[in-house]
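Going in written order, the chains are labelled A, B, C, D and E, and every chain counts its residues from 1.
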Amino acid sequence: AKSAGSSTTLRLGVFLNLTHAPGLVGIAQGILAKDLAPTKLKVVPFNSGSDASNAMLAGSIDATYIGPGPTVSLFIKSGKVAVVSGATQGGASLVVRTGAGISSPADLKGKRIADPGIGNTQDVALRTYLHRNGLKAKDEGGDVTVVPLEKNSDSVQLMQAKQIDGAWLPEPYPSLLTSMNLATQLLDERSLWPGGQFVTTNLLVSTGYLSAHADVVKKLVKGNVDAIRFIQQNSDRASQIANTELATLGGKSLDPAVLSKAWAEMTFNWDPVASSLRANAEHSKALGYIDSVPSNLLSIYRLEDLNAVLTSIGQPAVQASS
Amino acid sequence: MWRARSAAKQVWPRLAAVLALVAVWQLVYQTGFFDHVVLPSPLQVWGSLRANVADGSIPRAAEASLIRLLIGFAVSVAAGTLAGLAMVASQFIERSFGSLIIGLQSLPSIAWLPLAILWFGLNETAVLFVVVIGSFPSVTLATVNSLRQVPPLLERAGRTLGAKGWRLYRTVIFPAAVPGYVGGLQQGWAFAWRSLMAGELIASGALGLGQLMNASRENLDTPEVLAVMVVIVAIGMIVDLAVFGAFDRRIRTRRGLAVAG
Amino acid sequence: MWRARSAAKQVWPRLAAVLALVAVWQLVYQTGFFDHVVLPSPLQVWGSLRANVADGSIPRAAEASLIRLLIGFAVSVAAGTLAGLAMVASQFIERSFGSLIIGLQSLPSIAWLPLAILWFGLNETAVLFVVVIGSFPSVTLATVNSLRQVPPLLERAGRTLGAKGWRLYRTVIFPAAVPGYVGGLQQGWAFAWRSLMAGELIASGALGLGQLMNASRENLDTPEVLAVMVVIVAIGMIVDLAVFGAFDRRIRTRRGLAVAG
Amino acid sequence: MRPAVTGPDLRLEPSPQAGTAPAKVSLRNVARTYRSARGGKVSACTDVTFDVAPGEFVCLLGPSGCGKSTLLNIIAGLDRPDRGEVLIDGRPVSGPGPDRAVLFQEPALFPWMSVAANVDFALGLAGVPKTERRDRRMFWLGKVHLSRFADAQPHELSGGMRQRAALARALACEPDVLLADEPFAALDAQTREILQRELQRVWVETGKTFVFVTHNVREAAFLADRVLLMSAPPGTLVEEQRITAPRPREFDDPLLAKVVSDVHRHLIKEVEKVVAREIGG
Amino acid sequence: MRPAVTGPDLRLEPSPQAGTAPAKVSLRNVARTYRSARGGKVSACTDVTFDVAPGEFVCLLGPSGCGKSTLLNIIAGLDRPDRGEVLIDGRPVSGPGPDRAVLFQEPALFPWMSVAANVDFALGLAGVPKTERRDRRMFWLGKVHLSRFADAQPHELSGGMRQRAALARALACEPDVLLADEPFAALDAQTREILQRELQRVWVETGKTFVFVTHNVREAAFLADRVLLMSAPPGTLVEEQRITAPRPREFDDPLLAKVVSDVHRHLIKEVEKVVAREIGG
């Protein structure tokens, strides 16, 4: 049922994945709870972006960490969500199977490359990258077979069985594949973006909650920034904490080797890199996944609270435009 | 004439039920209690259905799924029926592998996905494997249960007439079990459908209703999700009416059992 | 004494089947045909099982899942049985809503996840909803099929003795249908399990075997995935042996029907 | 309550009691046609009219397939006539009820109940209080020589024992009307004789109304106030024979011998029609 | 093949033919005890020994529940004795076979086949070539007056019609041994008489071996070479009566009347034991 939420408890969604580390660390260290006090924090772990989106629309969570794909979908479908901060950048790469003979983009021709699913952020990135290198996916009439995965972890078996030659995936899977010596990194997605910045995780709130409990959202934003600062200052410890929290919330901890590799692939920052969201939407449109890029897309960003927090700690403000 | 009238008698209550459901849905929609993105109106779903039928995506997906379903179900029926017969024929098989098969039945299809990929790779065979492994235990169980319902007198009559072994099963026990068996197959059919929907995620490139629904779901395109659901339910109802139902009615009329539906 | 011997007779063929399976598995493992990450050895799985039992994660998850399963299945049995009775009692209900329910049966559990979240939020109730919606159509179908198998003579006898309406169903038709009904419930139980595994993914915080399997899978901990599968199959076999099987044997012995298992 | 005994009498009209005391069971031009699975039609019985007075014992005889079971089912309210009507106490039958117990051609015991539970169940439905049930049940199981099998399940009984159990169940309920379809067919001659005597005694003592289908002409003559004879299928009444021998009767009663041979003669005629049709067609 | 007819004779020993020609069916100290669902034990029959010569017609009589159906099942190979053995042509029975047709107490027609298909199916199993089946089937359905119901489904038949269909199915196969469990119980007196004559004719013409359970003493006397009488349950043989009346026999044969009254007397004794036990316990 619909609700504007309450000011006594904030229901926060978080995906059990390392890319949501600011949330995981914020929860584990009690940073979010402390900043939110006296408002209580209720953590709702979820397994897929679409579940979190539905929960948001159904009013059963007030805020959530979530990837750019569902962020755009939610905005286009309902318009009733706002990004109040970024959380994670980077953390996606194209890895190719050892022995598949791929050492340059041109070698991808005729190969089978996996991604997390049609229309997914990495799918858009992969296809755009192929176009840029004069290639096309088979379903678009080209000769690279794009293999959408049911579960990203299936990439390991598929690579082992030589059923795929490469994969464009979010962490920790690229690290997992390389640390098993199954694959090597061909491309770090960060290298494709200006300043090496593209958003991986946003902090999203429902506009209903935002207008009813602006004060709580403000405290949430502060908590997020504090968590990110904690990570920035204690990178190694934070990685352990996030890893442990994965298990606490019902997921699984990663192997230490994989953890450190994956951790290095990501940047934790509050900047939601609005430009990358926009670029992503444009790429989606170019691929025909969406009909048009909403002209008001950037109005999804409500960064006043974030900038206020940043100012108060002497950090430069971030902008939604540009 | 009589056939037409009887067909109408079969069809209109079903239409009434569907209309009632749609009316309730429209009412709930109009209360505005649920966000319209997550609960679209019947009209929106109808629009999405029409669009998806018009551009061929639903017909193509439905065709692909149905072909998989038919192949997978046929294999399940063959394998399940044989396994069921073996279980009834031998108490040892029943107690050993039979019990194992029943244990397997509780495993969700997703548990089989990794194994399917491992054994068959990302292809049709893997999807079919998931369908078969998901529905043949149910067919086995249905076979066993229906065979066990056979009145002992009929079996004895068959044996004294000289039927034995496989022939006894084929000509006496199995025909006697048919009414229960058909009912059981309906369950197997449902298991096959559900497993197919999971199996189609293996290679989401595999065109099909399961894949379509999943893509729409990821895309938060609820009208499309519901449109696919409508198609699945409609196929289910049609198959129930035209295949299982019709077959069941025929058997029951011939044997003088209670007829309904 | 007799009981113990008969229990042993029930148990050892099952053990034999399990051992045979493990032996084949070990052989396949030793060929090295499949990478050991994706197909671990029985010993590795046993190790993972022991570790997960020792640290309490499997017992806790199993307990949570079983409680959900029992509640969900109980609701399904109640709802499905009533729906089935209504369908048998009224041809109109049978043809209208009955057919709809059967159509619903083919819908995969994932189709219900968005609706469950919408109606109940990310919580236990949503999981239970998925279990119930996934298994009650099967119970309904089983009820209808078993009621239809009742020999007309028994119904007539009951009616002439003065039983009618609900009492006739309760005291005559339903008891007469019990052997088929129990077999059908087994199918409903399997549907409940499978739906539960899907439902537990709704809220990954929801401790349970489905969630555990999902997490292990995501983490590529194949031994653990298999350990969870072993637990699910084991629970399935135990329930089959101790609940459905035992009940079935008791009924059949009492009525002089074919007994097996 | 007992109908006036008037002497041998042959008529196809409703018996005279119908005019004075209202008939207990009354059939008016009853006909029943079955639609067969192949689509054809089979007329089971046609234009059957008769009355059974309260407390009367009527036996129905006729060649196999002439519609006796069909008629019994219609009186029981389990089946509806296509034409005509059936009245119980002057009211049209709308369905089965515990006022009319039925003994089916096959013993319809409930397989999930012991013999005792089968009887108790029926007693419960007939409204007999719990405290009385045990005695009633033991009494009637004794009458059919099944005391030692009270706790047995039906499948553990022989064919004849099952029939006897069903008989005990029906009689224990003391219904107003007992409709019986060859209840003694599966019994040996001696057991049969014992139960026939028992049934006669019950009837004399309780004054219930009996409609009894049998193939045994001697049985009919021994038990009945009136024997109704049906024609070759499609069945209709062709003969009515009133039996005035005093009760309790004995099997060697010379009055009965005459009835037996009369009925036999008529029955032969009907069966010969069936045979002729077989040979002709 | 016909056993020498020697005159009325009473013995409990195997009949003398057993020594000369090998017996067709031979029971040696057969006993069968059922374990009941409640855990108790019921002895159905005990220490039953008799021989049936090839081509002999034996009738088995006894009070209800004395183990007649049990014995028939054992001879058919559907059930095993707990003690003793059953030999067919000197070889132990290992299971049922088409050499021994069985007519069950209830007509066991297959409900998914028409009457004709039921007969054809049996003929097929008996190895009768397709071309012959139609004629054989029509012939036998005519004999039991069911020609017009050849295409009907079993549930469309009356009780007696079903029994007749089952009889036609069994006879059409012309088995070496026919084991029949009260096949005529559900028939009216006249149809019964017709079929009894028919059966007698079949037996005389084909020289098959018959073991026939019946409750009708007159029927037994009319049909049998030898009547075996069983005791009150647990059943065992108590009487053997050879019937020498020449064939074809008539029902009013005075020789038969003597047999009937003899058997009756013995039967009464056995049934009285059952009654005494009821009253005692």
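Criterion: a residue touches a chain if its C-beta (ideal position, glycine included) is under 8 Å from a C-beta of that chain, and two chains touch if they have at least 3 such contacts.
Fair warning: this is a prediction, and the values are worked out from it, not measured in the lab.
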If you walk touching chains, what's the least steps from chain A to chain E?
2
Most contacted chain pair (by C-beta pair count)
B-C
Relative to chain E, which chain's C-alpha centre is the most remote?
A
Farthest chain from chain D, going by mean C-alpha coordinates, please.
A
Note: chain C sits from chain A at a C-alpha centroid distance in Å of 37
With centres defined as the mean C-alpha position, give me the chain D-chain E separation in Å.
28
When the C-alpha atoms of chain B and chain E are each averaged to a single point, how far apart are the two points in Å?
49
I'd like to verify one number: the distance from the centre of chain A to the centre of chain B, where each centre is the average of its C-alpha atoms, in whole angstrom.
38
Residue numbers in chain B touching 2 or more other chains?
34-35, 38, 114, 118, 214, 217, 222, 254, 256
Residue numbers of chain D (touch at least two other chains)
37, 106, 153, 156
In chain A, which residues are in touch with two or more of the other chains?
1, 48, 50, 54, 57-59, 151, 157, 161
So, in the complex, the side of chain E touching chain D is made of residues 34, 36-38, 42, 61-65, 67-70, 105-106, 142, 145, 147-148, 151-153, 156-161, 164, 181-182, 185-192, 194, 215-217, 264, 267-268, 270-271, 274-275, 277-279, 281
Touch list for chain C against partner chain B, complex
10, 13-14, 16-18, 20-21, 34, 38-39, 87-88, 91-92, 94-100, 102-111, 114, 118-119, 137-138, 141-142, 144-145, 148-150, 152, 179-180, 183-184, 186-187, 189-191, 193-194, 197-198, 210, 213-214, 217, 222, 225, 228-229, 232-237, 240-241, 245, 252, 256-258, 260-261
Touching residues on chain C, where the partner in the complex is chain A:
35, 37-38, 113-114, 117-123, 201-207, 211, 214-221
Chain C partner contacts - residues on chain A that touch it in the complex:
1, 13, 16, 43-48, 50-51, 54-55, 57-61, 151-153, 156-157, 160-161, 176, 180, 249-254
Which positions of chain D touch chain C when the two form their complex?
73, 76-78, 95-98, 100-102, 104, 106, 108-112, 121-122, 125-126, 153-156, 169, 173
